[in-house]
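Okay, so subunit A shows up in both of these, paired with subunit B first and subunit C after.
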Partner chain A sequence: MVESAPTSVRIAAVIYLVAIVAFVLGPLAVVVGVSFTAGDYITFPPQGLSLRWYEAVLSSSVYMGAAITSLKLAVVVTISATIIGASVATVIHRGRLPGTSVLSALFLAPLVLPTIIFALGLLIFWSAYFGRTSFAALWIGHTVIAVPYVIRTTLAVLSTSDRYLEEAARTMGAGPWKAILHVVVPQAMPGIAAGAFFAFNISFDEAIVSLFLRSPEVITLPIQIYTQLEYSPDPSIAAASALMIGLTVVLIFVIDRVLGIQRVAG
Partner chain B sequence: MNAVQLDNISKSFGNVQVIKNISLSIAKGEFVSLLGPSGCGKTTLLRMIAGLEGATSGTIHIGGKDSTRLPPELRDIAMVFQSYALLPHLTVLENVMFPLRMRKIGNRAEQRDRAVAALKLVQLDHLTDRRPRALSGGQQQRVAVARAVVSSPQVLLLDEPLSNLDARLRESMQEELILLHRQTGLTTVFVTHDQEEALSLSDRVILLNGGRIEQEGAPKALYSVPRTRFAASFMGSTNLIDAELQPHGDGARALLSDGQVLLLRAKHSAKKRATIMFRQEDAILAPEPDNAALSRGALIASVVTQIFLGARTRYVLDLGGHMIRCLAPAGQFYAVGDKVELKISPDSIHVLED
Partner chain C sequence: MNKLRTDLLIAAPGFLLLMVGFLIPVAGILLLGVRDANGVLTATHLSRFLTDPFYLEIAWRTVKLSLIITALCIVAGFPLAYIMARGSARLRLWLIISITLPLMTSVVVRTFGWMVLLGRGGLIPDTLNMLGLVRRNYSLMQTETAVVLGMTQVLFPFMVLSILGVVMRIDIRLEEASRVMGCTFLKSLRLVVLPLAIPGVIAGSLLVFTLSASYFITPSLLGGARLPVLAGSIYETATRTLDWPFAAAQSIILVVGVLMLLIPYARLSRRANG
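Moving on to the complex of A and B:
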């Protein structure tokens, strides 16, 4: 057993920690700070303290419309990505079908491909065959991006499970579908839940595909924030962002309570 | 009607034929072991009976019903896996109830009663609400056994169920399996690579080699009269010697390379080279022979090394250039290099087919 790390490594670790806090948590703190400003401009530190920008966001039909679009989108993307991802993971895990490795590479491709290329391709494809972009286009786009995460988390859990469980279920009278329902799905549940969580979050704050495929009818919250920033920046942006952060934190908290964050992350 | 009937079963994976035309009948209530080294096809054969592997050719009948093309869930079988394959998200009781639920046997209350009864058989009815993870290896193993017997299948299939247990636990589980078999009367097929386990548990041992049945028979018969060189060496604690067989009186004799002679009971009309065998416990050692002994043709060997085993001592002897092993009572002692007389009854020496 190693007694202690060399001093240089320890110093590096401390620097790393400080950097994480500064660059990850710092911006969050700034955004949340700005959101409570009483002034009319985005300045940090905030001038005075008020909830007026929260009020502005919550009473704005534009913001609330975008938020509802984003939530609806995130929910349907979570459902579709979870079903597709969990099914694909089950098939890949068994590895009995020919071409499983090709399949697995194909489904994980969105992880490594630049999203901007995918977004552009989808826009061109959609315009050529379906005309105006719509909610359905965004749904498909987000699902494609989210599916690899569900596959990864489900596979991670399945790979540690007893590979004979499904066969055992068959010898106990369960047909192929019953074996999946009663044995494979309960086994994979922590991974599927983690994947669903990722899918929701990815869709909820996805910006590139949403930006390319936006139309006046489908503006998601991140796009609304971006548009506001571009054309008439005011602290409502910060308030809307703080609300998004809040939702994510609540979600993490719920997942932790229900599943344990360790199981989901590990 | 046989519980299990295999007719001309073959199985190939790609170009490799792992099961070569095996036919086998297992009577109702019989305890049969499939024994052999790894890669002999014993597990594949068991999985074919279970329906987890399809047969390339041949037919499988289970309980008189042609099951060759049936999926596992439609065969009247139960299987205990080497890894036990307990469902981790279910309690012990739910695990044992699982086959009844899947096969829709009885209502919920009856399923519960049967599961508890099965757990009683393996003395685990006090742990019904535990999760498999919270059990020891031996306990998990017993849950797997209870789960397999709960639906009273036509045939119980066991795939090396004891190989993950430590030596002491394995012994006590062997005894429990024998008792369980007696209590339930279930037809049982047991796969193992451990010859002692096969000998001590089964009514009949099927020795497999390279996808074929090498030899089958009652444990005693297989142990004392192995027919082939493979069977003899796999059953263990045996001496194999290449010799020239010659007709001799009523029986035959084997001529060793140094000119010494062993008398055999078996008849051999013609001269031929063959492998003969005798077990290490069938040779009796006597102190260095005198001239009288030499004149009546006693067998002489010299001590190469001795290994103290407690109750007995194992001697490695040089018999005309062949290294052989013999067991002697602890009271006898011979030093390395001593000449000893070897007495082997002609009944204990067998000629092997190659």
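Moving on to the complex of A and C:
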């Protein structure tokens, strides 16, 4: 056994780690810092401490309206993406349909194709057939983006599960649907659940599709922040952003508890 | 047969969504960009882009920034992936959480953080000013540096995670063997780990390059109107001038451009994989 790394390399590694973590988390920490300012302008370090900008956000009908739109959208997207993603993953995992590999590539394509192209396509398609964009257009757009994540997390769990359990259930007399409901779904549950939280996160934070399909009636929280950033930035943006960061932190820990973040990320 | 029908039924909602929500809109774009008002094939929109120096500059800037960002991600990402792979499970978990947090935060929120840090009176220009490197009231906003910094922060987790997946599978005994044979630590890193990690670096670069070429929110907020990139130009054309065929043509150029760079790279990765 040899010594793993010389001291000089170890010291350099520690400095590098600190720098990288500061680079990655710094901008988020700054946002949270600014949100507690007592002043009227966006400054970091903040001038004094207060919760006034949180009050401003929570009592603003514009922000709260956008937050409610985002929440509603995220909830319906989570439901549709989870059901569709888990079903497709089951079928891909079984691999009985002809051309399964092509199928899985197609279903994962929204991960690879630049979102902006898909968003523009959906805008043009929707305008041609349904007229003005609406909540339903965003629902479809976000679901398309979220489904691949549910497929991936579900497949990650299914690939380590015992595929003979379903056959056993069938032999014991369960119908195909019963076997899926009572055997396959419970087995895949950690993956499906993690996928659901991902879907929620993606829809809640998504800005590209939302920006293309926005209309005065459907403005999500990220779009509200974007608009405010472009025209009249004040610390209320920081407070709204800090609340979104808080929600993301909670979701990451939930996903880690449900499935283990390493399995999802790797 | 019955089994097949069950599978088809289960996947049916997925198929429907894929058709209506994805394939038809994307196909629609590709057609719109190469047809004129009467539906006849034409290259007018494409050649308008390819012959106008203004748009060519946009295309060049997009490629240049994406290349710089990809290179930075490799340089910053490889050591991190290595430390994560060889460090304790606990350290790995915390590092994964640290790099996933910005990835899962809304792009507008992350970009806002950079606007505060880089703008006039922000932490970074003020520090540079204190060091005597720049004048007072210097701002890094509306610069390519700002765009590169903001995009690297979000994209480098993709690089780290793809390299990590590969490095985790490298047998640690290979490194030990090279050390026993007289390699220094850094030499064994360069001669043993790096060559074996190449497939991860390639996969990560593909992802980072594609994503950085298609982002427009971060470049438009940090770079501003003076530094348009291709994706930003698509957005402007689609929503400000409402010239959808031209926006579609620019989308085609984006896809084709990315594919043209990706295909040789993917070949390379197949060769690296043996």
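Note that in this section the second predicted complex is superposed on the first by the 233 of 266 C-alpha atoms of A that agree within 3 Å, B and C clash if a C-alpha of one lies under 4 Å from a C-alpha of the other, contacts with A are read in each partner's own complex, and residues count from 1 in each chain.
Criterion: a contact is a pair of C-beta atoms (placed from the backbone, for glycine too) under 8 Å apart; a residue touches a chain by one contact, two chains touch by 3 or more.
In this text, all values refer to a predicted model and were calculated from it rather than measured experimentally.
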item: First, second, both or neither for A:L17, with subunit B first and subunit C second; value: second
item: When both partners are placed on the shared chain, which of subunit B and subunit C touches more of subunit A; value: C
item: First, second, both or neither for A:V184, with subunit B first and subunit C second; value: neither
item: Which of subunit B and subunit C A:I219 touches, first, second, both or neither; value: neither
item: First (subunit B), second (subunit C), both or neither touched by A:A146; value: neither
item: Touched partner set for A:A67, first subunit B, second subunit C, both or neither; value: neither
item: Partner chain in contact with A:A199 - subunit B first, subunit C second, else both or neither; value: neither
item: Subunit B/subunit C common contact set on subunit A; value: 176
item: Touching residues (chain side subunit A, partner subunit B) in the complex; value: 161-162, 164-165, 167-176, 178, 182-183, 186-187, 189
item: Touch list for subunit A against partner subunit C, complex; value: 1-2, 4-6, 9, 13, 16-17, 20-21, 23-31, 34, 42-44, 80, 83-85, 87-88, 90-91, 94, 96-97, 103, 106-107, 109-110, 112-118, 120-125, 128, 140-141, 143-144, 147, 176-177, 180, 201, 204-208, 211-212, 221-222, 225-226, 229-230, 233, 237-238, 241, 244-245, 248-249, 251-252, 256, 261-262, 265-266
item: Parts of subunit C lying in touch with subunit A, wherever the complex brings them together; value: 2-4, 6-8, 10-11, 13-14, 17-18, 20-29, 32, 76, 79-80, 83, 86, 92-93, 95-102, 104-117, 121-123, 150, 153, 156-157, 161, 164-165, 168, 176, 179-180, 184-186, 210-211, 213-214, 216-217, 221, 231, 234-235, 238-239, 244, 247-248, 251, 254-255, 258
item: Complex contact set, residues of subunit B against subunit A; value: 50-52, 71-73, 77-79, 81-83, 85, 87-89, 98-99, 102-103, 147, 151, 157
